[in-house]
Amino acid sequence: MNLSRSRYHAPGTSPGALIERKDVKLPLRILLFDYDSGHFEATEQASVEQCVTGLASAAKTWIHIEGSVDAATLRILGEAFSLHALALEDVLSSGHRPKVDRYGEQLFAIMALPYVERGRIVAAQVSLFLGKNYVISFQEAGGDIFEPIRRRLRAEGGRMRNRGSDYLFYALIDVLIDHKFPLIEALGDRIEDIERAVLDKAAKSEARKIHALKRDLLTLRRFVWPEREVVNRLRHDEDELIKPETRIFLADCYDHTVQIMDLLESYRDMAASLMEVYVSSVSNRLNDVIRVLTVISTVFMPLTFLTGVYGMNFDRGAGPFSMPELGWPYAYVGLWVLMLAIAGGMVLWFRRRGWF
Amino acid sequence: MNLSRSRYHAPGTSPGALIERKDVKLPLRILLFDYDSGHFEATEQASVEQCVTGLASAAKTWIHIEGSVDAATLRILGEAFSLHALALEDVLSSGHRPKVDRYGEQLFAIMALPYVERGRIVAAQVSLFLGKNYVISFQEAGGDIFEPIRRRLRAEGGRMRNRGSDYLFYALIDVLIDHKFPLIEALGDRIEDIERAVLDKAAKSEARKIHALKRDLLTLRRFVWPEREVVNRLRHDEDELIKPETRIFLADCYDHTVQIMDLLESYRDMAASLMEVYVSSVSNRLNDVIRVLTVISTVFMPLTFLTGVYGMNFDRGAGPFSMPELGWPYAYVGLWVLMLAIAGGMVLWFRRRGWF
Amino acid sequence: MNLSRSRYHAPGTSPGALIERKDVKLPLRILLFDYDSGHFEATEQASVEQCVTGLASAAKTWIHIEGSVDAATLRILGEAFSLHALALEDVLSSGHRPKVDRYGEQLFAIMALPYVERGRIVAAQVSLFLGKNYVISFQEAGGDIFEPIRRRLRAEGGRMRNRGSDYLFYALIDVLIDHKFPLIEALGDRIEDIERAVLDKAAKSEARKIHALKRDLLTLRRFVWPEREVVNRLRHDEDELIKPETRIFLADCYDHTVQIMDLLESYRDMAASLMEVYVSSVSNRLNDVIRVLTVISTVFMPLTFLTGVYGMNFDRGAGPFSMPELGWPYAYVGLWVLMLAIAGGMVLWFRRRGWF
Amino acid sequence: MNLSRSRYHAPGTSPGALIERKDVKLPLRILLFDYDSGHFEATEQASVEQCVTGLASAAKTWIHIEGSVDAATLRILGEAFSLHALALEDVLSSGHRPKVDRYGEQLFAIMALPYVERGRIVAAQVSLFLGKNYVISFQEAGGDIFEPIRRRLRAEGGRMRNRGSDYLFYALIDVLIDHKFPLIEALGDRIEDIERAVLDKAAKSEARKIHALKRDLLTLRRFVWPEREVVNRLRHDEDELIKPETRIFLADCYDHTVQIMDLLESYRDMAASLMEVYVSSVSNRLNDVIRVLTVISTVFMPLTFLTGVYGMNFDRGAGPFSMPELGWPYAYVGLWVLMLAIAGGMVLWFRRRGWF
Amino acid sequence: MNLSRSRYHAPGTSPGALIERKDVKLPLRILLFDYDSGHFEATEQASVEQCVTGLASAAKTWIHIEGSVDAATLRILGEAFSLHALALEDVLSSGHRPKVDRYGEQLFAIMALPYVERGRIVAAQVSLFLGKNYVISFQEAGGDIFEPIRRRLRAEGGRMRNRGSDYLFYALIDVLIDHKFPLIEALGDRIEDIERAVLDKAAKSEARKIHALKRDLLTLRRFVWPEREVVNRLRHDEDELIKPETRIFLADCYDHTVQIMDLLESYRDMAASLMEVYVSSVSNRLNDVIRVLTVISTVFMPLTFLTGVYGMNFDRGAGPFSMPELGWPYAYVGLWVLMLAIAGGMVLWFRRRGWF
């Protein structure tokens, strides 16, 4: 819930200061890919130094860094690829809003990779640098989602190998965006479940489930909305790092973000409507319960009163008007008939009013 | 409810990959029309090859493909008419947001055809290609809605035969948009029904009906909104595939989309207002029920207490203050008078407070 | 409620087809006015042919057609004044959204004339053509609202006679817009009534009245919003049919539409607030009722219990602890004192808690 | 509540017609000020004729007209200062939306002066004409708010005397806007009062107070919103009647309107939140009441049942199983113990469930 | 709550008048810093005169004034640095909306410093002047937040010393914006607490806590929204006082304001959702309570009625049908069996309906 925890430096810290997060420390893994239409070379556990020397090659380079990167590694990379200090600071401090910035010779983009953790949707930050012939990507957490990209890179003759680094950059962003679809499908299933439960029996915990759903929709929305802007800017800005033939794919990618936003909006409206139905069905059940109570009370109270009357101990000998009924031979039977008539009349009256 | 099911490829799939849907498989039917101001030729069950050869003719061609198209057919068509790979991918994966794109020599539009299935409004995707002298349309499901177009095509001397392919393109879009009107009229009837039910008796299931109505409004809205954009772009973009004399008809078509949006908005506001009335009438009924309970309890509780008092067994012989009333000759009658007075007083008091 | 009924052609109908409404058939009346700064000639029950010949005169012409116009009449007029087919179609099919279109030498505007029918605000369509020296107006229903215009036309030397057809066109639109004011004043009175009722006693039917009010506000809003756009476009578009000296009056007219929108928004907010107050006052009344029930029950239940205790039939002879109280001479009086003390204590306790 | 009453002419009235209001007739007072950096001359009860002749002087003139101006006076002024007929109509008919219009050589602005009348915020219209060297202001009601301006005018050497008429025009607008601050402060106090009441005890009338507050916020908002536009246009439009050195003060004035809008928005959100708290605290109190009822009923019903059992009159002599308990020597005492145990158990159970 | 108290002058006051606040009087402290890449000189308790002479030096000057500044000091400073009268007025009257204005050779910005006072978020005004080689800052309250800046100034060789006054200006704004993060984190913690409480047990005071949360969110939002505009204008306006190399840092600062707005929006949606859950859980608890009452009543009312029947005193000798059951040997035992059966049946029936 606390969306801001540990995501900011102490106010007044010098901008560009590289301060590592204390709370989370994930093992670091550097993957280095050197590829060209003709050749492909992958180093699964590369060192920073290998990355820096890789820059010299004429081929295209993709450096993918998984886990919690330390300030030292960042500084080496930053110097070798002349990455901007403010961008590096953003890489290190997670939880940033997706955005794209142009720093000198590079494009720097922050994207979000949402995944489910302890029943909640959370988001890992993915930071991407695009240079003339390299892509550097930092992924904090969220599992190995770029395997399909690597598979396509390995396949000789594929578009991925022939096109420039900007196509790889696009492909990474595309994967990050398309990764929202399975999450959204799961949300759709949850809505269906809630709808069924609410319409059938108004189980008690539905309000909590709707709340949890809204929270997750909110989390997703917080990232998809700026990501739409990121893709839109990449597609429209006449940046020479993104070639025109890649822009057409970014347009496709933009359609996906719009579709995701669309689905999130629809789900939000559905959730709001379900909450209303839930609340009204809680009220309806209350009505049902109270109606039972009222019928029972209304039937038995007059009867109990009558039995009370004839349980009184007035002295029958005191006078002719002192409970003479007690001595009548058919009074008891008559009272039963009267009481049944009263009860039956009440029930009929409630029935006619449609109470049950 | 699950608006996203089966509508996306696995993240990381290469863009433009033609992957057929597994879950739905509808019989394929290809209709080929070759027409001109002078001649008209219809092939109801054409093969893909016939379509490809039809392209050579100088006349205008309309290829209409109904049902689930397979990847092979798409590839043949795509090559013959040089359709863009991203467009073909969109044709195959259903559930897209309406949009219009310019790919090389063609306009590619996605529209939605909503229809009712098992009491819910669902939408079939209709994909349209407009070339210089041909229109290719793909319709997944939703029934034969283009029969009026075919009738107008058959009629010699009609506008449809004389004008270019762009007019046919417009006419198809017009049908798709006007098809929302009967659905909206049905929604209007449902609102009227709900309004009558809510204002009269607050039947229990109205909340569900309002929810279902909102869901259908939402579904329609999701498609009409982007369709408005599609028609607006077709009308305003200076695309040479759409002739100026067709634009005036698109303007008319645009008015219809605006009117549909308008009606949807009004219905949404009506639905929200009805929900409020429904909730408040549930509360009112609760008040009624509780009021009955309170009146009954308030009348009988004091009476029952009094009968309890004179049902006590204190020994009258113990002293002059030990229930002497029991021996008074008119005590019983007096008690009845007292009890009737209490009951009557209570009823009068409630009446004056307007409780019934 | 059903805002879309009978307002659309069957999907696929050729655009510009003149299809008469079947459901409503109002008597047709054609009024023809031929006027100039110098002369004025009115034909109250003109034929279409008279209208067509009137065109030849050098003076300005106003043709006003009331009731359900038939397709034949429209076709004759359309040919004589070269009115566009799409515009004629819009004249015939009622219920259109207000709009203004330029067709060749004419301006075509659709406006709405709201009036009250069976307690609800409904709207009649008014269609207006403005040519170089003529105005043609079609009014389906809603009463004779243009009498003040005719009066001003008859008055020699008035602005209306001297100025061009565009001033008449403006004057008609002005009347149509100003006709919303009395309706809005009536809505204001209804809000005042509801406010008084809700704040005083939360009568049962207020929710319905608020709902009806919202519905009428919605209906008005649906027409005023696009009318604002119509007036704005007439005022700003550099259309040579509207002379600059008329634009200043259109600006005034625009201010009125803005003021109407403003009032509608305020009333909508008031209605929403009143609904909240109503709901909360229903809850308050429920609280009141339940509180009475609780006080009564809480006072009498312990007392009834006590009378029950001393109504038990334990054998006083069985032992010294078997209801010895029954034989005490002051037990009965003591019990009364106790019971009164309990009842009084309860009442005091409730009073202190502020329950009544 | 009825915001539109008496504020419109009969539809179809000729534009620019000067129709006096019938319902309100306030005494008319004309104040005439003739001033310059060097001299200052005030006529407190001027006639229209004096005003007209005052125009001839080389100095700057301010004519301030308080109360209900009649059509005759307006016509004389209109002719002397060549005021536009549409502007004069607006002066006469009160309740206009704030706006600014340029008519020939003049700027015409309508502003609102809100004040409290019978516990509600209402607004008087203030109309302002700015000419080259004169300002004419019409104020219908609302008290003498321009006294500080007059004081500053009287003070020799002040900015007001040295600067042009546009500065006086600005100063009047500034007073009108700043006059909203005390009203807003009063609204803030009312919110504080309501908050205290709602959080403490959910008094019954709070819903009404919140409703009244919302109504007043709405009234203020209706005037401040367009006034912001007025000031913004005065500040940005390159109108030569407003000198650049005055624009800087208008910018300051604009900041005030933004701040007022801001406060109104915040108060609206606060009011909405308070309504929610109020509704939920009403529900909580209902819960409290019902819980008391339930506890009392649940404790006493079983006990009363038990006393009922031993109040039955089965014939002990009929057999060994016919109420033998009645004859046991410790049965009575035992029953008391049992009943106290039941009552105590119930109370403990409720306590553990946190019911009281 | 009263956001407008004491924040405005009496309407009609001359603009630029320096009127001191009466209600708050905080001790004044002037800090003077004279620095350059080479030297740094700090005067912790400077006099106004020192500040004025400091201007003559070639180095950069930062004057920081803490507490309630008096009109005299302001006038001296204003004359020395030629600060605009309207800006000085804004410095003196606190509670202004954040804004940035260009006055002659200076940029004048108002920012807000929120801090917690008596459990509520309040905001102190911070006013900043940026001249060619000086920064003057006024901070009314809120604690010593600029210490990190001073530390960075003292450090020789740091960016802060080498760059121009615009960098210091940026750094002060950056601190003010980043100071919202800890407050927002605290709000996030409060949301978590409320969520836990609401989902677990719907404690009574949660509505108040949610209200307090909303109020604080509102307060923050009121300041962050215009601050975003301030930073955006500083970043984009081609003002020569802000050097291009500083703009890149302002862009970073802008990202922070966007992120803060984002978090505030998310928290607002969360708070609204929590309120709904809270209200629905209050309803659920009501249901629970009423269900207990109904079960108890429904079980015991028929039983009590039966004991009432056999507690009646009809004379068994009056005839064979006058309560013969009283003499049957197993009637008492049988009645117990019947009563237990009724009670058990009721309980089973409730169980099957899922009432407990």
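Remarks
Residue numbering begins at 1 within each chain, and the chains themselves are lettered A, B, C, D and E in the order written.
Please note the rule applied: a residue touches a chain if its C-beta (ideal position, glycine included) is under 8 Å from a C-beta of that chain, and two chains touch if they have at least 3 such contacts.
Every value quoted in this text rests on a predicted model; they were computed, and no experiment measured them.
Where touching is counted per the definition, the chains common to chain C and chain E are D.
Measuring from the averaged C-alpha position of chain B to that of chain C gives a distance of 25 Å. The mean-CA centres of chain A and chain C are about 41 angstrom from one another, to the nearest whole unit.
Contact with two or more other chains is made by residues 279, 283, 286, 290, 293, 297, 301, 304, 308, 311-313, 323 of chain B.
Contacts between chains close into a ring here, every chain touching precisely two others. Chain E contributes residues 145-149, 152, 158-160, 171, 174-175, 178-179, 181-182, 184-185, 188-189, 191-192, 195, 199, 248-249, 251-252, 255, 258-259, 262-263, 266-267, 269-270, 273-274, 276-277, 279-281, 283-284, 286-287, 290-291, 293-294, 297-298, 301-302, 304-305, 308-309, 311-315, 318-323, 354-355 to its touches with chain A in the complex. Across the interface of their complex, chain D is touched by residues 1-5, 7-15, 86, 96-97, 99, 101, 201, 204, 207-208, 210-211, 214-215, 218, 222, 275, 278-279, 282-283, 285-286, 289-290, 292-293, 296-297, 300-301, 303-304, 307-308, 310-313, 316, 323, 325-333, 335 of chain E.
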